[in-house]
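Multiple structures are listed underneath, in structure tokens.
Both complexes shown next keep chain A, but they swap its partner, so chain B is in the first and chain C is in the second.
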Partner chain A sequence: MSSVAISEPVIDELRAIVGPTYVLTSKTARYNRTRVPAPFPVHRWSEFLPDIVVLPETTEQVSEVVKLANRLKIPVVPRAGGTGLADGAVPLRGGILVDIKRMDKILEIDLDNRTVTLQPGINMLKLNEEILKYGVFYPDDPASYPCSLVGGRIGTSGFSLIAGRYGHTRDLVISMQVVLPTGEIIEVGDGGGRKIRKSSTGFHLKHLFMGHQGTLGICTEATLELVPRPEAEFAAFFGYKDFESAYRSTGALTKSGLATLASVVLFDERKIQYLRRDDEAYIPQPRNLKSVIAVSMYGAVDEVKPAGRRLMQIAKDTGGKYLGDEVSQGDWASRHDRYATPLHGRLLDRRVVPMCWHCEDASINYSNIPNVMREWHEIADRYIKKYGIFDDWGCFFYTNAAYKPWGDYLSEIDIGIWEQKLNDKTWKAWVNCKREITEVTLKYNGSITACHGSTREGDAEYVPEEMGGGFEVMKRIKRVLDPNNIMNPGKNMLDNAYEED
Partner chain B sequence: MFGFQLKGQRPPKPRRVKEGVVMRFDHVYEIDPDRMSIIKQQEMPVWDTQRIIANRWEHLSWMHNHFADSVISGEELEKEIEESKKKIRTTKKSTSRRKKR
Partner chain C sequence: MSDDLQQKFVKKWLDNAYGCFSSGHKFCREVCPVMQVTRNENHSPTAFHANIVAMNNNGLTVADVAEDYVNCTLCGACELRCPNTLFTGDFYRNRTETVKVVKAMRALSVKSGVEQPNWKRWVEATIDKKSEPVLDVPIDQDRVADWAKELDLPIGGETILFCDCEAAFYRTSVPKATAMVLKRAGFKFGLMKEQWCCGGPAAEMGYVEQAREFAEHNLSDWRAVGAKRIITLDPHDYITFTEDYPAYFKNGYDMEIVHITELVAELIKEKKLRLKKPVKRVVTYHDPCRLNKRKGIYESPREILRSIPGLTFKDVDHVTQWSYCSGAGGGFAVERPQIAEEISRRRMSRAAELDVDILVSACVWSERPLTARGKELDSKIEVRDLMELVAEAAGLDYGGVKT
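Coming up: the complex of A and B.
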């Protein structure tokens, strides 16, 4: 709960700002806005409840809510779709939860300059349905595409599945309007100019407000890039006799230099073992298939078709066997919507239990992938054997850099956790497992997170180590912008910024 | 008749297709019921299974249409690659024959 009790007069003030209907105090409203789909200590759910929920509709309302919170030193946690897997939207100190789902209006579509300006509560799928008639597309494509919101993508600096071709959220947001922790409203971009993509004026403040996890303010409007709607999609899945061949083939495919290449995903042998258990695409695959690569391409037909032929040849020359259109097209289409997958795992005796999903999302350089993968699996195996409530769902390695998809990879080890069995002892065990995984990432000069943010337990403690001297700068920025530490307190170890007081 | 009656749409007995996997309908895989002792398997009528499978394909097809105007087939590209290789081989053969003459 927050350090300052939210009294009836404060609730009245909030009602006056956003309207009485949009101030929620019920248990249901607060419990539903507590956790995200990542592993969560369910036995301690009530420790993470917000005190109150508000649903503003305008920038001015957000500003007034934040001003009130700053005056009374009440924590504020912004929440969009709540689909991030690193607890960014989980309140750690109670307070006011600002749910932005009513801020879902498209404000301007500028086809001459290829931008759309909107409020951040809109979902990308809905946005693309609206702009389809203009022949344009907003290509930010997370695995939560049908349910995550633009604001959350900005708050986490999200990863897009097709960024090799189109860039990630940070590359697709041209500028934005932000309410600072003191309630001031500012515009940030590369420099000035709401629709200017490249500027050398001043500091590049846009990047400061990408991925701050609500610790520096709340985005209330954004101007986004529009690209021509793709004429053609090409997805191809290739099977390999072992991981080593697939790993080498991944290097060859990503370094092909083909501009329409949107992604290359490498599945390790443990991932294939996991998929063989109950994924309809993999159950019938022959035993000698041990590793898989998935590639996707987007663009004009005249570009994608010849480039697709070239990719097929590279894959074949490096030991890949095309798995057919049904697997390739079906599996690729399902990757835009992984949150619809009902999750379950296996105990050591192979019985099925419901499990939640831990998505490790480190950035690892190509040359370090084999070592990191081996060490992660060793850690997972130890904890599975000792506690019997975890399950190793294998590793993915996903091209990470925008437009230059060859040097580093979003590296996942997916671990299932039988959440119903969590208690203080097993939760502590899980966090220790997570810490060991993170230590391997840092040992190989990787980054803790490519995708969801460094705000969950087991990651956050390592932010100072990864950032080095930069962490001191982070703390100073936090203190200057948020003098009372009201914005999403407890995240990213930024409470340290106030310790000198 | 109103309402649903399971007995009218009871699925066929499952057959084991591999370790841990059974099948009642072609291409519709299920986990071996022996492994579903903690979470019980739901009894589903045939029409409901068919509805879920059909919706799944509809959803995937919708996704393709949402992201691009057309989908290029890898199988067709493979054929094109093979055909162009054949063509090159044939051209090479006829060129070498001409040279011999």
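Coming up: the complex of A and C.
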């Protein structure tokens, strides 16, 4: 389908729905709701603009906007924080951009049943500031904790850095209200019941509406888990003589079975080289320190203290050298702010240039990590040499599964891209580089994306391959729920669902 | 002409803009006082930088973007919260500049003929009266020093107390209390022959040439009376004198600028000022954005509060206060009064959560809007200036407080 031009009468209808102040048509309103922090072909910015922006405040307004769009077959792109590292919130066909940031109210705090019900435009840090006084917190902790919003976390099925202990977004959202592509408002959970965590009634629809990247509707309310504020945090950084020993130690730590273990993060040798460029935390470390592991635990003092001692012993026995309280506590505390800094970018001749950041987020099994890492770096090196605008910022491997942090890892190769030099040729080179990285992931039976979503060029093309027969089911579901393909069209190869027509 | 100006502007700020654009993470957004209220991405610091990239290679013009840059109180929180500043800033000697960008864009807008109606009126009235058109109060240059009538203060000398427009014409209790405190401590100072507006608000609204005329008048007045040192009682003046004036006059500007909280904290420490009268009130402190976020002055006001006997001081960390603002700065309230009002309402509700009966500020511009919002609360929180409280603790009767 193609977008109809949004005519003046349509704009008037939108104004009637959300109020004239909250329908935006200016160039800046549209330009600033186009890109996300993922690599972006800035030279083609104007190709990705929405036609119009609305800022609704209520579920009913969202529903009316969607009904209007469905009637007129106008694309709708939902946008929360716009902090994603893939292109879920980037409009591909223009249309109406539904920016949910004004939907940021806390609706109910239920301390008896440990839930908070809210609108999805709220940020997790802000939420936790509000509920601090009750001794509870909402433990969804991505690197973007200070800026991403609950709605985006749901739309992407986000990854939490402390999920080994508390679970990811999908585990922490108990139920939600969703506006379907035809405008109906429904509630989905495991079964029914806004505050029920486990059910065998019907289909488990919550999972269908988790991580669909805005292709199946718009979340307008969510009921979230509240957990007791932990009494104790244990954070430890260990240094190793090489990647091999750090990798083996990671296996031992994650398989320790300690219930308070929240995360283990493995830094490869290229990551340490990258950090040594300028990160003061690592400069004082001896040169023979080549690889690092960060470990965190949360819980009651009685649990965390002895478990921390056990972890220290395991790390020591497997070749780890504790890097001290200052590095451990300081670096763990600043885990959000280190999210990425364009100032670290270097060209081959070591010249510093500001670079944007590609953050690969494949899910890879433990046993395949060494091969995947090696092959990814080889790909990156080839493109760096050939094009002179890329940079390899090393790899992180984060424990990936909720509550059972051992079998697979969010595997991240970080690649810097000198955005100011992007043109058709270099953008194509980047997409090819990305495709090669993705192919390695699939070769080793991994998943393309642990948390950002398969919406980027270089990822999306591989969705049918990764999903196999499941992709046919995805297409059927998409057609049934969104007969006119208005919801975030062009994403996840779901346009294929309409090809038979 | 306008194209040339725009090109020059883009060239100057493009690298700074890319530093933000290439990161794109928007850590600034949730600390931005305007964004917290409007939730409109156009008003985010990230957008202020992205627009410059779009002006560079996607054909946006100053006319397309000018209005968005109204939505900023110039509080500086975004710069502090920027990961580029926080974590690699020292190493690369880099600071994400957003306040300067907003001011420069406002100046470019005015020069390009894109003006905001209320700012235009405000600056015209300031030029006419030589002091700011402080709302609802008649402004007359003959009355600029009326607050000091009974204090017998000299004109001139090495040290001059500069009294802000809002303080001179509206909350006169602040300069009066300040002057009495300094006299009590035996600190010698005088007033200007004729004080004009510092010019800071005009500069913040984009009227740089007009702002410079005020600066020239004030500097020549200071020189004429032999001043070497200027005491500011308003944080906005402190910014103007330490950032704008040096930019206007370069090496020809050799005034020492001292902010009142720094001076009074010193006088207390040196035991030149003794605070003996207990003030039995429960207070919290509002970190004025320009002191805390832009100048790193957050210790001296707290030292002063802790030295007042009888006071119960419920402090909120100055980093937590990065996301607080009264809404009064950067000309914002003149163009967007309703949003500014909501910003001050939220600030007061934060104070109300602490069960205090006074919110102490050290910024006279914040005190009028915060006072109004404090009256709306069930708990009726009063707003006092730090110097008013100091005067009270020093046993000085400085007269009535405008509420």
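Operating definition for what follows: the second predicted complex is superposed on the first by the 491 of 501 C-alpha atoms of A that agree within 3 Å, B and C clash if a C-alpha of one lies under 4 Å from a C-alpha of the other, contacts with A are read in each partner's own complex, and residues count from 1 in each chain.
One rule holds in what follows: a residue touches a chain if its C-beta (ideal position, glycine included) is under 8 Å from a C-beta of that chain, and two chains touch if they have at least 3 such contacts.
The model shown is predicted, which means the values in this text are computed figures rather than measured ones.
By the touch criterion defined above, A:Arg33 reaches chain C but does not reach chain B.
Residue contacts after overlaying the shared chain place A:Arg309 against chain B, while chain C stays out of touching range. By the touch criterion defined above, A:Ala236 lies against chain B but remains apart from chain C after alignment on the C-alpha atoms of chain A.
When the two structures are aligned on the shared chain, A:Leu125 is found in touch with chain B and with chain C.
Of the two partner chains placed by the overlay, only chain B lies in contact with A:Arg351; chain C stays clear of it. When the shared chain is aligned, no partner comes close enough to touch A:His212: not chain B, not chain C. Shared-chain residue A:Ser334: touches chain B and chain C both.
Shared interface residues of chain A, touching chain B in one complex and chain C in the other, are 125, 278, 280, 334, 336-337, 344, 352, 354. Across the interface of their complex, chain A is touched by residues 15, 18-19, 21-27, 29-30, 39-42, 44, 46-47, 50-51, 53-54, 57-60, 64-65, 67-68, 81, 83-84, 86-88, 91-92, 94 of chain C. The touching residues of chain A, when paired with chain C in their complex, are 24, 26-29, 31-33, 35-37, 42-43, 45-46, 55, 81-83, 99, 101-102, 104, 121, 123, 125-126, 144, 146-147, 278, 280, 334, 336-344, 352, 354-357, 419-420.
By the touch rule above, chain A contacts chain B in their complex via residues 125, 128-129, 141, 229-236, 277-278, 280, 283, 298, 301, 304-305, 308-309, 312-313, 322, 324-325, 328-330, 333-334, 336-337, 344, 346, 350-354. Residues 17-18, 20-21, 27-29, 31, 35-39, 57, 59-61, 63-64, 66-75, 77-78, 80-81 of chain B touch chain A in their complex.
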